[in-house]
Structures are given as C-alpha cells and as structure tokens.
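Note that the chains take the letters A, B and C in the order they are written out, and that residue 1 is the start of every chain.
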Amino acid sequence: MQIIDVAPWLCWILPAIGALAALALNKVNRKAMNITVLSTTLLSCIMTLLMVPSLLNNSSIDHALFWFQIAGAQVNAGLLIDALSIIVANVVSFLSLLIMIYSTKYMAEDPSIARFWFFMSLFLSSMLLLVLADNFILMFIGWKLVSLCSFGLIGYYYRDEKEHWIGGPAPFPFQKPSRNGLKALLMTSFGDTALLAGIIILYLYSHTFNFMELIQTAGTWLPAMAATPGILALTCVLLLLGPLAKSAQFPFHEWLPEAMSGPTPVSALIHAATMVKAGVYLIARMLPIFFFAAWVAAPAYPEALTFFIMAGAIGAFTAFLGGTQAMVAKELKKVLAYSTMSAIGYMVLALGISGLSAGSLVAGTSSSIFFLINHGIFKVVLFLCAGVVIHSAGSIYLDHMNLSTKRMRFTLVSMWIGGLALMGVFPLSGFWSKDNVLIACLESGQYAIFAVAMISVVLTAFYVCRMMGLAFHTGTPDGNIHRDEEFRDRKLAEDHAHGEEGHWIEILPYGLLAALTVVIGLVGPLVSEFLSSAFSTYYANMGLEVAAETHTGFLGLSGLGLEVLVAAVSIVMILIGAVPAYFLYIKPTSNPSNLLPQTGIRRTLYNFLWNRWYINAFYNKVFVEPSIWVSKRVQRYIEDPLNQAINGGIPEGFKWLSRGLSRIQTGKLRINMLYLLVTIVIALIVLWLGGFI
Amino acid sequence: MFTLPFDLLLIFTVASPILGWVSPKQYRAKICGVFAAAALVVVGVALFGLYQDVVANAAVYLPSNALNFATLRVDALSIFMTAIFLGLGFAATIYSIAYVENSGRTPFYFTLILALISGMVGIVFAGDLLALYVFWELMSISSYALVAFFKEEGTPIEAGFKFLIMSAAGSATALFGISLIYGLTGTLNFEGLVAALSGATPNAWIYLAAVFVFVGFGVKTAVFPLHTWLPDAYSAASAPISAILSGIVIGPGVYALAKVFFTAFLPIQTAWTLAFAVLAVVTMLIGNITALRQTDLKRMLAYSSIGQVGYMLIGFAAASQLGLTGTFLQFFNHALMKGCAFLCAGAIIYRLGSRDISGMQGVGRKMPLTAFAFAISVAALVGLPPLCGFPGELTLFSSAVQADLTWLGVALLLNSVISAGFYLRIVYVLVQPVSSPAVEKIKESPLLMLIPILALMVLIILFGVWPDPLVNFAGDAANALISLGGNP
Amino acid sequence: MDTAIPSILLQAVIVPLIGALLCAFLGKYLKRNTGWIAAAATIYSTALLAYVAVQLWTQGGQLVETYTWGTIVFQLDFGFLADGLSIPVALAMSIICTAMTVYSINYMDHRIEHLYGKDKPGTYALYYALFLLFPVGLIGGALSTNTIELFLFLESGLFPFYILMDVFGYKDRHRIAMMSFVWTQIGAAVLLIGAVIAGVKAGSFAITSLSVLSGTDLGLLACGLILVGILMKMGTFGFHVWLPLVHAEHPTSIAAVLATIVGFGTYMIARLLFQNMFASFQLFSLPLMILAVVTMFYGAYLTMGQDDVKRLFACSTIGQTAYSILGLASMNAMGVEGGVFYFISHILGKAILFSVAGILVTQTGTRSIKEMGGLAGKMPLTATLCLLGAMILSAIPPLSGFQAEWILFTGVFMQGLTGTAYMILAILALFATFLTAVYTFWPAIRIFFGPTPAGMEKTKEAPLTMTAPLVALAVISVLIGLFPDIIMHFLTSVF
C-alpha cells in the first residue's frame, strides 16, 4: 500500500477522532485534551502534505469503496485526489493547524473549550471530507457538517451574554450569537436544498454521483437532459445556489456579517479562510461538466452558459456589494466579514469567467484558486490580528480602538501586511492573484465584469486604510473622533491592560502567515505559472481540449504587455481608494464624520450602505416576518376552527341527534302500541305502493 | 316424551319449585340455584348426545322420528341456539345464586329461568309454526314474570306490564300471520311450507302474512320501531335477567324470523331483503345513537342491544349462507359480550347501589376483575380484534359486500365507531381515580358473581383469538336453515 | 432462508404479550421496576428480529411462518413474513418500543406520582401491561401476511392507547382519548372496508391476492378506501385534526410510539398498495403528491407557531409523515425506498425529540417554551439529544434523515421529470423540507440557548434511564446515516 492510498482517508478521519477525543477527555484532563486535538490536527496536516507529490505528478486518483445500494444502482464512497482537491485540502489543513495553535492561547480560559475543540476538529474533518469526496453524496455530508459546525461555533456563546452580542452600537439593534448561528444555518440550508435538487436532477439523467464519471460520461447523458428545454438551465441554477449560499454570495450573503459573533479563531478559520471557500471549491468542481456542455460537446448546449453567466455576474456584484458595506462598517470583524464576501466574489467571478469563453478555462480557474490560497492566508492574518486587537482594545468597534502602535508592533506589522495584500499592493501575494483575475476578465472579453472588479479594488483600498487608520493611527485618544459614551463593555476594557500585545503563541501563527504572504508575493509569478500548468494538465486529463491561446487580447496587447497594463491600472485604482482614506483616517486633517451631514445625498448613501442596502430588512419583511405571521395564525384561524368544527361539532351533532331520537322513547304504553300499529300500516302502504298487494 | 334434553329440561322445570318447598329455608336460594345450574349442565350433556344424532342425520324429527307428524325438528341450528341458551342461562343462574340470596321467592325465580329456557329451547326445536307459537308463549310468560320479579327495584312491575302488553300484541299479530300462512298452504310444518310455497307465484296474501309475522316476531326481536319496550324492560329487570333477556331472549325472535323468512317467504325474498337492509340500518342507528346520551348504565346497555339487533339483521338482508352465518355468529357473540356486560353492570350496581354512570368513577380501582371483564366485553362489543365481536362483524360485513350491499357493511362499521362513543365512556369511568365516598366503600364482586363473569370474559377472548370452531358451528347452523329452505 | 430458532417470528410477537401478562400480575409488587420486565420482553423481541435480519442479510430470500388461524369466511392464514421490507420496519419499531420502555421507567414514575400520588402500585401494572401491546401490534402488523391479520394487529394497540391516554394523559385527556379512539377507529374502519371488498371479491384476504384486483374498477375502489383509511391514520391534511391534540397530550413515552403508529401507514401503503395494487395505486400519484405537499407546508407552519414543547413535536409529525407519503406517491422504487427509509429515520428522531420534551417537562415542570431558555448549560446531554433529533428531522448528515431524504427526493424528482406539475410539486416539496430546519432548530435554540430564566436555574440533567435509550437511538441513527446499506440492502432486495 502506498502512502497516497491511506493519507487522504486518514487526513479527515484523524480530526474526527480528535473531535470525539475532545469530548471524551473533557472531564479527564484538559491538557491531554488540548494535546490530543492539536496532534490529530498536526497529523492531518501532515497527511495532506503527503498528497502534494501527486499534485506534482499531475495524477488524479479516485479511491472508491462500495458504500450502499439504491434502486438499480449503487453508491460508492470514495476520495478523489487531484490538483483541485489537493490544493484546497492543503490550504484548509495548514490554516486549521495554525489557527488551532492560536486558539490554545486565545481560548485558554474558556470553561467549555471541549465544545470548541469538538466543533473545530469536526469542522476540519468534514471540510476535508467535502474537498476530497469523489461524489456528490459524500461531499454533501461534509458540506452539511461544516454548516453544522459553523452553527455550533457562531452560537458558541450560546447563553447570549451581552458582551458577545454584535451589531450596534447602541441605537442600532444588536444580534445575539444563538440567533446568528441559526440564521447562518438556515440561509445556507436554503441553498443546500436547491443544491440537493440539482444533484438529484443531475443524477436522474447521468445515473451517477461521481464527479469524474459525470464528466467522462457527459457526452452520453447531456443530450437526454437537453432534450427538455429548461432542465439544463434549471440544473445550473439549482446547483449554483448551494455554493452561493455557502460562500455568502448575493443573495445569500446576509448570514456572513452576523457570523462574526463566534470566537475570533472561528471567524478566521470558518468564515474567512475555509468554509466559505467550500462554495468556490464546489463551483470549480462542477465547472468542467458545464464547460463541456457549453464548449466541448459537439452540438453545444448554450443553456449550460447559465452556470457561468450566473457565477460571473453574482461574483462581480457581490465583490462590489461587500466592498461598499465594508467602507462604513463600525465593527472591526464586520469590515473583515464584508471584505471576505467581496473577495469570494472575486473568486466566483473568476470561475464564471473561465467558462464564458472557450479559451479562459485555465486562466479563470487557476487565478481563482490562486486567489483562494492567498486570500485564505492573508485573511487569517487579518482575523487573528483582529482577535488580539479586540482583546486588547476591549471593544469590537473601530471607533473605540486607537491602539498604541508601539506596544503592539508585531500585530501592527502583520496586520498591515495582511491589509496591503488584501488591497493587492505590489509585491504581496494578493497583487498577483488579483491581477490574474483581472487579466482573465480582459482576455475573455468580459469588460463589464472587469470594470466592476476594478471598482472593487478602489473600495478595498479605501476600507483597508480606513480600518487600519481607525484601529491604530487615529490621533489622540479623545481627539476628533466621535466616541460613544456607552462603551459597550467597560468592564472588559478595564480588566485588560489597554493596548497589550498578544501572547507569543498568538503572534506565532499570524506572524508566520504574514511572512508567507510576503514570500508568495516575491515568487508570485512562479506560483501563478505553476498553478496554470497544473490546471491545464488537470483539464486536459478530463478531455476538455482547451483551445490554445487564440484570444486576441485587449487592445492588441497580450502576454506581458497586458499584465503590465493591468498592473498599472490596478495600482492607480488602489491609489484612488487609499489616498482619501489616508487623509481621512490615518493622518486625519478633519473629523471624517464632518463628511456626513444629517441629511442630503451623502447621508442617504451612507444610510443605504450602513443598512446593508436594506437587503436584510427586505428579507425580514418578505420572508421572516410573513412566515412568523402565517405560523402564528395557522393555529388560530385554521387549526382551531377545524378542531372545533370536527372534534367539537361532530360529537355535538350526535348528541343532538341522540336527544332527538330519545323523544320517540316515551315509555308510554299507548304510544308504544301505536308504533306497532303504525308499523303494520306503513308496511301495508309500502306494499301497496310497490304494487305487491 | 320428545327427546332427552328437552324432556329433562321440562322435568327439571317442574321439579324446581317442589325442591324449593321441601328444602330448608335458609339454604333455599342456594339449593334451588345449584339445582337449576345442575339441571342446565345435565341438559347440556344430554344435548351433546342429541348433537351426535343431528350430525349423523342432518335433522332429527320428533316424536318417533317421523317426518309427517313431527312436532319438533332438531337440526344444527337448533343445537346451536340451544347451546347458547343453556350456556348463558347457566352463567346467569350461577350469578343469580349470589344475587337473589335473600329473596323469599327464590324457587320461583329459578323455576322461571328454567321455564324461560325451556320455552326458548322449545322454539328452536319446533318443527312447525304451531309448536313454535306455543313455546313462544311459554317463553313470553316466563319473561314477563322475570322482569317484574324484584318489585323493590325501580319500576319493574310497570315495565313487566308494558312488556306483557306489547309482547301479547305481537304474539297476536304473529298468530294472525301464521293463520294466513296456514290458509295459503294448509300446513304449518316447515318442510311442508317449503314444499307448498316454493315456486309459487307471490300473491298479496304472502306479503300480508310476511308483514304480520314480521311485526309479531319483530316485537320480541326489538326491531325498529318495535323496540320501544326494550329499554324499559331490560333496565327494570334484575341483572341476571337483563343478561338473559338481552343476551338470549332476542335469540328466539331472530331465530323465528329467520326460520319463517328463509322457508315460507323465500318466494318473496327480493322484497324482504331490501326491507331488512333498511331496517337493519335504522335499527342500529337508533339503538346506538340513543345510547350515546344515556346516564343509566343498564339503559345504555339496553339501547346498545337494539343496535346489535340491527347488526344481526344484515345477515337477513344479505340472504346468503355467509350472511346467516354472520347473523348466528353475531347472536352467539352478543350473548357472550352483552351477557358479560350486563352481569358486570349488575355486579357493580349490586355493590354500589346506584346505576348512574357518572357516580361510578373509580369503580375499577375497587373491583378490578369485574372492571377488567367489563372493559373486555365492551371492547368486544365495539368490535375490536382480537375479541369475539370482530369475527362476527367481519362475517356480516363480508356477506354484505358479497351481496353487493357494501353500504350496509359501511353502516355496520360506522355504527361500531359510534357505539365506541358510549361503550368507551364506561371504560373511562371505571379507570378513573375514586372520587366519591360511595365508591370508596365498595369491594370486589362476590365470588359466585365473579365466576360467570370471568368465564364469559375468557370465552370472549378465546373465541376472538380462535374463532374457527365457533364460525364453523355457526356456519353449520346457517347451512341447516339454508338447506331446509332448499336454497343451497 | 432458515433460522436455527423455531417459530422465531411468532416468538417475536408473542413474547411482549406474555410480558404484558407478567406485568399485569407482577406490577403491584414490583412497582416501578415492572418496567424492566417490559424492557426484557421488548429486548428479546428486538434481539430475535435482529437475528432474523442478520440471517436475511446473509442468506437472502424471505422467511415465512404460517399458522392456520381460521376458516372465517375464507381461509385465513395467520402468517408471518419476514422480507426486505418488513424486517427493517419491524426491527426499527421494536427498537423504538424498547427504548421507550426503558425511558418510561423514570418518566412514568414521575407521571404517576404527579397524577395519582406515590401509593398506587396498580398503575404501573396497568401502564406496562398496556404498553407492551404496542410492540405486539406493531411487530405483528409489519409481519402480517393477510389484511385481516394486519387489521387485527393494528387495532390491538387501539384500546390500550385509549386507556393509557385516559389514565396517564395530560390536559383534557378524557375527551382527547375518546377523540383519538374514534378517529383511528374510523380510519381503521375505512381501511377494513377496502380490505374486505378486495378480500371478498378476490376470494382471499392474503395481501398478495390484492393484486388480483389491481387495475380493475373495483381495485380502484378498494385501493382508494385503503388509502384513505391509511391517510386518516397518518394524519395528512384534512384528516389531521386529531393528531396534534392526541400526540401532544399523551405521556411522551407513548407519543413516541404514536409517531411510529402514525408512520406505520407508510409501510402499509408500500406493502398493500405499492407492492400489490400498483396498477390502481399509480392513479393516485398526483392527488397524493399534492396532498403530501400541502400537508408538509401546513405542518411546517403549524409547528412553527407552537409555544408548547409537546405540541410542537406533535405538530411536526404531520409534516414529517407527509414526506413518506410524498415518496410513496412518486410511484417508483427510489421513492418508496426513500419513503420507508424516511419513516424509519423519522421515528428514531421523533422518539428522541418527544422524549426530550418529556425530560423537559419532568425536569422543569413546564411545557411552555416561553418559560425556558439557556438549558444547554444545565442539561448538556439533553440539549445535544434535542439537536441530534432536529438533525434527523431536518436531514443533516451524518444522521439517517439525510440519506433517507435524498433517496426519497430522487424518487420524487424521477416522477417530477414525467410532467411539469410533478416537477413543480417536487421542487415545492424540497423547499418545504427547508422549513423543517426552521421548526426544529428554532425551538431548540429557544429552549436551550440564550439566558436562563430565573426559575430554571436549578434544573438538573435527567437520570440515565431517560437519556441512555435516546443516546442509543441517536447512535443507531448515525450508524444508519453513515452506512445506509443497513437499511438499503433490505429495501433494494424487494423494490
């Protein structure tokens, strides 16, 4: 047996064991519990690393075992090890390991840490299962389990103590962790429901759940599916809704900002670096099927383009939407949450691009995955730093922070590196992946998407500078910044030495990752080249004959010229966003709140963004409130009347009947005798009428 | 004189008052009761001997086994009915020993029971309508007397009087019908009637005769609208008598109707099957719905008997071997179930001194065995499997479906649901916690009451779980009647 | 196939009956420990059925035991049939009954003390003797080979059901006991009408001879009547008005069994109609699907509005059984397999949830969700069990609900591809399942999360006899979820 046969299985089974061990050891020994959990995570990380050599071989391996049978078929459980799954699995397990290490310090004083470990380990296990599964059903198990873990971790502070509320500040409503957990679970479930429908329809035509078989046999089952118009498009939409919900893309993005009520490592791991990428992964996983249908199949099925158009449009829109909301957010973690939405929008749009023209398959996918890797790393840096910052400041609001740049030097530097990478500043990792996405947009001729993506760059630059400025650089403590009189949790602030640097166990993970961001940035083109070659082999193995670089490029430019052009434009865009933010927040020349008069267009715009484009309110008005309204009335206006009519009315009717019938029972002899006579008479009449006598 | 079991029965009947006179006063009740019970056992043994003959010869003609002059004709149906009469009579007698202990007129009581049973046995043994009529009167007179026997309870005299007048009127009507038949055919012998009337074109006189015979016998059977005497009589009579009246006295009525309609009136069958179908539905509905609101336990059971009569009439409407099997089966089961229920009710009333259902809360806690038997019998009356009520209803229902009268079967099931409405009220009251001081004081029924109750309960369960022998027996009885009518 | 144990299926049915008698006689002396006799009896039955299941798995085929019962009207064989359909169903129901008997030991102790005070030893006898008639009825019903026998077993639970409700139920129990009896009795009557029509016309009551009528006009009538009878017992919309009341006011140990009885209709439809009267049954596809979807939505909204913890789970049964009906209405093997699988999964989940409700009622003394909150800290195991139950119902892997649900919906969508109306129904139905997550998780959060109200601070975890059976059920559900072949191996062998 070779290591590659075992490693994929072990890498997700080990954390599952770790999860159970956390529960088992909780009452026994906390130290042993911590060590067990960390070592299973470490082992799992090693196992994923062991898979990397086969990435270099460009091989794709499918380990399938018999799982169970259904009518007329059987379902196998198997793991698929190919370029896509290996890369994502490594990102997941590596980031998890570092975050788990960070958590040992960050969560050290939490009394119910066993629950934390359980969900974190289970999350890692199910995320790896999701990524490695070779079929939809097994994947779906991991898929739902990560949602469940997310639910458990967002609502980790299930008692809803006031210090764990998010939202606000005061005049604005707060949200409680338990409710946020439920919201995340339900919104993603909605998408999952659609995804399941898509999977089922796909199965009914293809008779397989296996990803590879789906692609390999696509030529045979697609005609039957396309025979009924609309089915293919419907399937595209249904299949996309699941990943969109999971990745917090419009219109399902509303759960992510509120998911920040979990502990910060959770936000870092699940709601920024990994779980929300599951959607991107799945879109990438399903993409070849629809690419085949749209471009490779002999009579092309244009309906399959729905998949790409929808992904591209929604990705671009979400990138913009997230960016605008991040610009006005007051909570540090919410800024990061919106930026996550926005960044994932980038990845999704890149995947959309890859199928919008015949030639951008590799460019789109590889840039998207490159972005995924980079974003995972620098977003973890940002979140982990944010955790330390929030602890240190004793508040979740940027307005309250204004931390010392001297005492928190490591955090400050790491966070700036992460932030600049997010902005896409040369030569950090984010620069390369963002430029790749932009180039792919241009190369495939999607100028509208390119434009939206460029605007997002401006927004990103603005909100990153604003965030950093408010957190670290804004003038004197009681300077010109508006400060809430009601410091939401004064006690927490007093307990902590204000502006304390994090513990070294906390600094180590994000310091390491910040360094990695720089390193990847330095070798960016090489990584990018490697990914593109890996994916072109990957697609070639699937038989998706990628047309050689036939596109004409943009303005006659191609290759290096195009790259330079895009890089230049994007640097300009960054400056457009960063410069105003610099003068507003980092070296403020005036109070930024002066920009916001009480009325007028700017206030309206601000309110619009602050209220998240009123989308949340819209959902509440259209879905939540009517549902509650209906459910409150079903009992009163349907169930109770029915109950009264049937369970009350029918017995009443019989009682009434019984009372009536009792009247003939007079007990008087003469009347009884009369019945006898009447019987005879009636019988005779009936006989006479019947013609018998 | 006739045949051993019947002779014995008559002898014992006559002997019982004499025994009562000669026996010492303080033991009189026990001696007479035991004598009557023993008499029924002896008759039962003798009946088994007769049954062997019937099995061998299909029908035994008496006296002297001569067809033409036969007064009595014993076939499987007769044996079947007699077995029920004797069985329930025996249970009621044992029960009565405890019940009538302190009465001064004990010998008459047991004599009357024996006379009643003799009358009924005579009816089912009768080979011609005249003999049937004579024994009918014997049964009627004994039953009036029994209803009125315990003067201190309620209004038994009035009830007995009403019962007497109604029944007498019925008898007279029946006699008129019988006369018409005789006028038409010149014979009253059942086989003679079949021979005379088969193939005859129906004329008005046959219809008239059918109406009068139906009304006459229908009074005793308590078919709507001739049922009105029944609730009064049943509730006024003492518990064992109610059990006998409800359990088996409707038997002769059903029997007589079946015997006449499936022999003499076969030529007009198409007319009366429909009539019986309608009457069946109306009767069961009236009985069950009226029972819903009764507060007097015995009255409620009395009404429910009317409902059960309605079920039995389905067999008439189906007019097939299967239907008659169902009718007889239902009759047998009804004797067990309603007999048991009345005996339980009697035991509770005996202990509690009240018949109001709402005052019985918690009786089950004090009299668990009685209450359990009551619950079982009531569940059987609803038709719940695996109790004996179910095979009867199933057979009747099947026969209705077979005869393309599915609606009749539906009415049957609907009624069994309605009847749950009042039957279950009894169970509900019994299992409640004790709420009144009157109930607090009572204790379990006397042993002599408990024995027949439990015996009947065991039979209810036994014939529910393993109904086969009973069904076969009822099937033989039905065959006997069908083959007598020459209708395969 | 053969087994080493003689009359094994008969034993599985009879032993609880013998247990019932023992309980009746010994209950007075053993008091609360009577429950262990009951548990022993059900465990024995479960073990026998598990043995049969293992044999069936290894040998294939089916096991038939025939005892001649009677010649009432027609030849009636009192037969028992163990095949791929009946064994998983019977085994699952037997497991539920076992878990509930163990659960009852503490729960009924509490209930009896609450209702009748401490010194009523007879009530234990009454409870367990009657309770054991449920496994008799359910196991017997699943193994029946003719409709009359099936009816007999179905009805055998009815009377105990009435008395248990009447004696041990919650508020308004007398009226509701009567109501439940009448409703199920009517359902049974309608079912019997159909069965007898079919039996009389086909000349035999054997379930397999239903096929004689399949496709004829009479078959349609019989099929329709049987279906309506079953739907009344299953509480689909229109026939459901008894279900929330009856379900909620029962002692929770029995409510869990009631969910099984209600869901048993799934098995009956699969066995009687799908297997044997397919040609007639398939005409009901569209109406049945519409009814199921309406019921799913109605059940979901009804459930969402409840504030009473027992009523909440009671209402959810309405929608949940409709899933199974939907699967059966899809008229293909996948749908039926999914429907039966979902039934098994649902009763596991519902048993857990109802028992959790029972635990909450016994430990907190209130049924109102509004008065609860933050109990996860006080009773973590119960909270976990509640969430696991919610996961089963809302089809979250790795619990069994997920596997059942996707198989079911594969069947439904297969039907959906045959016509637009079906497709719309299928998609609507799938989105109704989304509501399940709302009405299971939302209350769970209101009960177990958030701040703890003042009165609830002293709440303690329930005793082990109440939680352990539920943990066992959850483990079974996880096992089935991870290895669906445990169920599917059997089901695919018949469909």
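Just so it is clear, a contact is a pair of C-beta atoms (placed from the backbone, for glycine too) under 8 Å apart; a residue touches a chain by one contact, two chains touch by 3 or more.
Just so you know, these numbers come straight off a predicted model, no measurement behind them.
Undergrad: What is the chain whose Cα centroid lies farthest from the Cα centroid of chain C?
TA: Checked the centroid distances; the maximum from chain C is B.
Undergrad: Taking contacts as defined above, which has more of them, B-C or A-C?
TA: Of the two interfaces, B-C and A-C, more C-beta pairs touch across A-C.
Undergrad: Could you give the separation in Å between the centres of chain A and chain B, each centre being the mean of its C-alpha atoms?
TA: Centre separation, chain A to chain B: 78 Å.
Undergrad: From the C-alpha centre of chain B to that of chain C, how far is it in Å?
TA: 42
Undergrad: Let me have the rounded angstrom distance from the C-alpha centre of chain A over to the C-alpha centre of chain C, please.
TA: 37
Undergrad: Mark out which residues of chain B touch at least two other chains, giving numbers and ranges.
TA: In chain B, 421 touch at least two other chains.
Undergrad: Tell me, which parts of chain C touch chain A in their complex?
TA: Contacts found on chain C: 179, 241-242, 244-245, 298, 301-306, 332-334, 337, 374, 376-377, 391, 394, 396-398, 402-403, 405-407, 409-411, 413-414, 417, 426-427, 430-431, 433-434, 437-438, 441-442, 445, 448-452, 483-485, 488-489, 492, 495.
Undergrad: Where on chain A is chain C touching in the complex?
TA: For this pair, the touching residues of chain A are 67-72, 137, 140-141, 144-145, 147-148, 151, 155, 158-161, 176, 178-179, 181-182, 185-186, 189-190, 193-194, 196-197, 199-201, 203-204, 228, 231, 627-628, 630-635, 638-639, 642-643, 646-647.
Undergrad: Report the residues of chain A in contact with chain B in the complex, numbered from low to high.
TA: My answer: residues 651, 654-655, 657-659, 661-662, 664-667, 669, 671-673, 675-676, 678-680, 683-684, 687, 690, 692-693.
Undergrad: Which positions of chain C touch chain B when the two form their complex?
TA: Going through chain C, the ones touching chain B are 69-73, 116, 122, 126, 148, 151-152, 155-156, 158-159, 162-163, 166-167, 174, 177-178, 181-182, 185-186, 189, 192-193, 196-197, 199-201.
Undergrad: What part of chain B is in contact with chain C in the complex they form?
TA: My answer: residues 322, 325, 365, 368, 375, 379, 382, 384-386, 390-391, 394-395, 397-398, 401-402, 406, 409-410, 413-414, 416-417, 420-421, 424-425, 427-428, 431-433, 466-468, 471-472.
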